[in-house]
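Two complexes come next, and they have one chain in common, chain A, joined by chain B in the first and chain C in the second.
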Partner chain A sequence: MNRIGLALAAFLTIASGLASADAATLRVGIQDDPDALDPALSGTYAGRFVFAALCDKLVDISPDLKIVPQLAEAWDWSADGKSITFTLRKNVTFHDGTSFDAAAVKFNIERMKTMPDSKRKAELAPIQDVEALAADKVKLNLSEPFVPLLANLSDRAGMMVSPKAATEKAGEFAAAPVCAGPYQFVERKSRDLIRVKKYPGYWNAGQIGYDEVVYSYVPDSTVRLSRLRAGDLDLAERIAPTDLKTVRDDANLVLHSGQGLAVSHLMFNVGAGTKADTPLGKNSTLRQAFELSIDRNVINRVAFNGEFLADNQMIPPSSPFYDSAHKAPTRDIAKAKALIAAAGMTRVPIEIQFENTAGDSRVAQIIQSMAAEAGFDVKLLPMETATAIERYMNGNFEAYIGNWSGRADPDPTLVAFFSCAGSQNVNKYCNKDLDAILNQARAEADDAKRKALYVKATDVYLSDLSSIPLHHPNWFFAARKSVAGIVMVPDGLLRLVGVRPVN
Partner chain B sequence: MKTLVLRRLAVLLPTLLLVSMMVFGLQKLLPGDPALALAGEERNPEVVEYLRQKYRFNDPIPVQYGVWLKSVIQGDFGTSVRTRLPIGRMLAEKLPVTIELAILSMLVALLVGLPIGIFAALWRGTFLDYGASLFGLAGLSIPHFWLGIMLILLFSVNLGWLPAGGFVSPSESVGRNLLAMLMPALVLGTGTAAVMMRHVRSAMIQAMKQDYVRTARAKGVREGTIVLRHALPNALIPVVTLGTLQFGELLAGAVLTEQVFSIPGFGKMVVDGVFSRDYAVVQAVVLCTAAVFLLMSLIADVAYALLNPRLRS
Partner chain C sequence: MSTIEAEPVALPARRRSRSELRRLLHEPSAVIGGAIILFFAVLAVFASWLAPYDPNAPDWMAIRAAPNAIHWFGTDDLGRDVLSRVVFGTQASLAAGMISVTVAVLIGLPLGLIAGYFGGIVDMVISRLADALLACPFLVLAIALAAFLGPSLENAMIAIGISAVPVFVRVARAETLVVRTEDYIAAARSQGLGHFAILAGQVLPNVLAPTIVQATLTMAIAVLAEASLAFLGLGQLPPLPSWGAMLDVARQFLSEAPWMAFWPGLAIIALVIGFNLIGDGLNSALNPRH
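And then the complex of A and B:
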């Protein structure tokens, strides 16, 4: 009898052990399959989402877009703004047990600047050299003052990988990355799942609530939600706006939402090749008429159930540099018609190109029907993604619905789209005055003065209107009630520090 | 029989070569620059150019094909340009999943389609026959995607009996593997069962009209024996053809079902590969699918011979 009792007790202990092991796994449904898991090479949001578990950065951003310490505890700009010295956190180790120190920072920055296919080159371009002053002190010398550097280091450019692993594995590093984040890499089954486990040596290990996190690739948002509701997943990212009601109505789920950094905008070709030779490409008054012919709130309501943020600026309102004085104009068909007439026209033709996703297709159709009332004959040209990107980069479009993921600092977005040599300035817009303002702003360390410069920049780009910003998508994550501690940050990445299971 | 198998195997290699050539050429006709698709959101021109050189996107197509073929012959399928993972490993992960799904759904199709087809033929013109036709129509016209979501809502969300998706390796747990595969196999199998049912029905109707059936009846053979021993083997020949073709189709054509149930199989891999212009991945999947297809048709030939002794010579 005693034996039976013992066996039963042992069984129950094992069973409860298994149950608690299950409870300590966070199962996350992600919309896209991440690309290469190397911060130097990664180019997708899904990749960044997974890096939030694997790789800590020198600095991080807070929900109100302030720069906060992560692997660097403090930093100090030189008086001329041409160098910055970081004090690094002590007793930090990479997942392979090697120490994180100034030499590791130097290695990482040089690696990202010199790897031939590194996607971080532009973000780190102002850094001329890196000096390891002491084990916990590292100095970055810049070619010119560049305030947005900190914001750049709060993303992949600031992620630190183990120099030992990066050197030894070289081209194979992305298959099993080694960083200094709260979780370490276990396995990746391509187009299926990525499994990471808690790193006991993490500098903030006490705040890590789950033993294991499994990111499952579930591309369809309805399916992602179904699996969450069925209890197969604990958290699903990017819930479709049309599914939010289901989440809100489900007592087992909690909706986590937050403002994002991204922007959707209608870009006009104003100077790239023959496609710029359209009435709207040549005349900013007509572009203003176009803006007056559309109602951003209607687009948001019809295409996204009113769950996004209709807005007229490239920088989201969550940014401290957002210019709240520049309100979006309300729809005014009479005024739009008057502006068209003033340009000597009655009907204005334009072809809008877009990626054939459900969201962009809806937006394009709504714009087409609204603009027609004012006198714009909009032709729609949906394209499969790779083709659309090629045409976009070659300036082979009259107008294009662009989606930009946004950055914590206004500089990368505004410079990319509006400076004469900007990487995203594929429509070849150029205004020397705006260039001067943007250059001044990136060197200005004083936030108030910097904001004044961005107000001026906003004034210029909203007058020239080479691109009409339409809305900022919000982030929507749905989680089961048993997951606590989720904090939404505008970059839409799930920080796992503080996330824990509750009953 | 041996000659038949050898003859079939002899055409296997040239066919695979031809298929790989066609797919390679057709892929290159796709618009869109793969280097731009790979270069991230900022698409630094320096990086784009480096990628073009590294992956030989600038080389003439025959040269690119030659390089690819050489490495495949050496057993190296290359690396996915998007994820930097070895494609050989990806195939080794996905192929068993896809084959398991195809086998299970074929099993569903046989278990459902075969008996319904036989009964519909034997009781032709009755309510059972009409019911079977209705099933066939429904099986063919219900979209997999919709059926999948409905099954998830019923069995996973409302009843909580089955997992809503995902794949569990049989090495981890056979029971959980089968539970996870049940709904996807049902969804895929329903469509195939409907096609199979219609073919079995018409083949059985034909077979039951044959002289040997009449002779058997005249000899006083029991009806059950006539159906199972005399008519069915003959009626099965078109079913074998159909089954092997459908099996091949299931290998690469289960994209939507894989998507709904998050099954990491071939279908999604090839679609993602096309969209991200990951040529080497698409090539590898197509090559594998073609090889399995050819193997299936070889199996079909052998099965014909087994079912019909006249074909053995």
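And then the complex of A and C:
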């Protein structure tokens, strides 16, 4: 009897031990499987989502889009705007125990600028050289004034990796990244999960609430939500707008929402290869007619239960550089028809390609139906995501529903899509005047003057209309009530410092 | 089993078909299956008259409306009438079932005849190729082919058709192997008939019955396969209705708008059961071993 009692007690102790170990694990459901876990190579939102646990950046952005300290405690622009000096946080170590200092910053920036397949080159292009002035002082010298630099350093370009690990394991760094964030890498099972554990040497370790975080790849948002409701996950990112009611009605769940930086837009191929040879690709008047034929509010209401933000600009209204003078035109079929007639046509054919996701598929069908009333014969071509992105990057489309995650500063978005050599300018739009305005804006340190330049830029890109912005998605995360301390930031990344379990 | 000997192998064609039709009508499963298929065939052919609304016309003010007096089956996520979409979706499903199986028979039957009749190296090559295709699970093969060809109903039908070819090669070859040892084949040969004439005139009629049974059963699989491909976004292009694609969309609204999934789901079940029943009935009526 005694022995049985002892065994039972031992079992209960082990069981409760397991339970408490469970309680210190945060299980997060993510929609996409991240690509390379190296800040220099990463090209996906999912990657950034995981980096938020692994890699601290020089600076961060706050919920109101201000630049705030992270690994750099302070910074100082030179009077001519051609250099910036950072004062670094002291006593910071990487996950391999090596210390973070000015030399490490120099190494990282040079690594991102010179690594052959680095995706950060454009973001850091104006940096000419890096001077380590002292262990905690580093100066970046720029070829020209470049205001968006801080915003760029608040993302992957500002993530610091261990120079030791990056040198010793060059080429396989992404398989086991070593950074200076609150959590350190444990394991990755491709297309399944990524496991990270608390880094006790973190400079702000007192604010780390979980011992372990597991990111599970659950592509379907409905499945993510079901697993969350079943208690199989603690947090799920990007809940479908059509599922929000379920979250709101569930007493065990909390909905965390916030305005985003992202934009969905209908991109027309205006200059990339033979697919640009369409009436809409060649004629901006027809594109304006197309814009007049759709009702963004209906798209938002029908496809997203009205939970997103219908808008006509690439930059969201939350940005201080948003141009409130350029309002979205209201739907006007008669005017759209008149514009089509003025172009000497009655029916205008166009093929819209999109990723075969629930949201894009609904948007595409709504657009098809609305545009038909004005005289556009829209053919829909849904594509499996990988194929769609490949075709997108090659400019192999007549029109494409693009989803851009957005950036804290307007510069990266507008330059990427609208400058002649922009990295996302896959539809080959080019307007030299716009290029000049965008270049001026990135050098303008005065916010008011900078805004005036972006208003001018907006005027140009909305007249040429190589892309019709449709709406800005808002962020919706659902978490179990037991997860506290979640703060929504417009970049939609889950910052884990301060996130903790509660009973 | 004892009826094998009693069954005359080569009855005059007309008498045979009449007696088989009579037997078929005495098979309850064939009659029920036939009625179901006929029902869907009528839906497909007269869809434009039977459907109350344009299946692709959205109603922005009636998104995911529950079944009511105006929309008997409710509306979908874009406010389109589910009843009309189910009715029009019949066209895609029936076309996929029939056309893809026709493709499979047109390719598989001749290959099976040739393999079984000539034997030797020809048989080896054809049979090994069929084996290779059979080694891939049917649906996986169809998905791979459809993904390769690109999304459209036509491509889905081609993919399903090709995936179903080896089954018909097998059936036709096996029957041909039995038939070619019959005396009447030897007789035909001794009359100086060519290979083609013997294959078409003597072998084919005897291989036809099991092929028809197999074709009907394969149609059930093809209907399911088309629905699966459409569910994965590899079938009928939007906005045209297809039951599988309707299910895919409905899946996101299972708790709040179950009618979106119920009707297309029911239609798929009914049509597949219809083909299976008629296949069983045909098997009983045509197969001399029964």
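Basically, the second predicted complex is superposed on the first by the 481 of 503 C-alpha atoms of A that agree within 3 Å, B and C clash if a C-alpha of one lies under 4 Å from a C-alpha of the other, contacts with A are read in each partner's own complex, and residues count from 1 in each chain.
To be clear about the criterion, a residue touches a chain if its C-beta (ideal position, glycine included) is under 8 Å from a C-beta of that chain, and two chains touch if they have at least 3 such contacts.
Remember, it's a predicted structure, so these values are computed and weren't measured experimentally.
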- Note on the structure: So, after the overlay on chain A, do chain B and chain C clash or fit? They fit
- Message: For A:A240, using the defined touch cut-off, is the partner it touches chain B, chain C, both, or neither? Pick first, second, both or neither.
- Response: second
- Which superposed partner A:L381 touches (first chain B, second chain C, both, neither): second
- Check whether A:R301 is in contact with chain B, with chain C, with both or with neither, and answer first, second, both or neither. second
- Query: So, A:R191: does it touch chain B (first), chain C (second), both, or neither?
  - Reply: first
- Message: Once both structures sit on chain A, report the angle chain B, chain A, chain C from C-alpha centres, rounded to the nearest 10 degrees.
- Response: 30
- Message: Quick one: is A:E390 in contact with chain B, with chain C, with both, or with neither? Answer first, second, both or neither.
- Response: first
- Task: Using the superposition on chain A described above, determine whether A:S361 touches chain B (first), chain C (second), both, or neither.
- Result: second
- Message: After superposing on the shared chain, does chain C or chain B touch more chain A residues?
- Response: B
- Message: Looking at A:T222, would you say it contacts chain B, chain C, both, or neither? Reply first, second, both or neither.
- Response: both
- Message: Quick check for you: in the superposed arrangement, does A:T87 touch first (chain B), second (chain C), both or neither?
- Response: neither
- In the overlay, chain B and chain C get no closer at Cα level (Å) than 6
- Message: Show me the chain A residues, by the header's touch rule, that chain B contacts in one structure and chain C contacts in the other.
- Response: 222, 384
- Message: Under the stated contact criterion, what part of chain C meets chain A in this complex?
- Response: 56-58, 60, 63, 77-79, 147, 151, 233, 237-239, 249, 251-256
- Item | Of chain A, residues touching chain C in the complex | 221-222, 240, 242-243, 245-246, 298, 301-302, 356, 358, 361-362, 364-366, 368-369, 379-384
- Note on the structure: Residue positions on chain A within touch of chain B in the complex are 33-38, 41-44, 116-119, 121-122, 171, 174-175, 188-193, 216-220, 222-223, 226-227, 229-232, 384-390, 393, 404-405, 416, 423-424
- Taking the complex as given, what residues does chain B use to touch chain A? 30-34, 36-44, 46-47, 50-51, 54, 80, 82-86, 89-90, 93-94, 149, 152-153, 156-157, 160, 163-167, 259-262, 264, 268-269, 272, 275-277
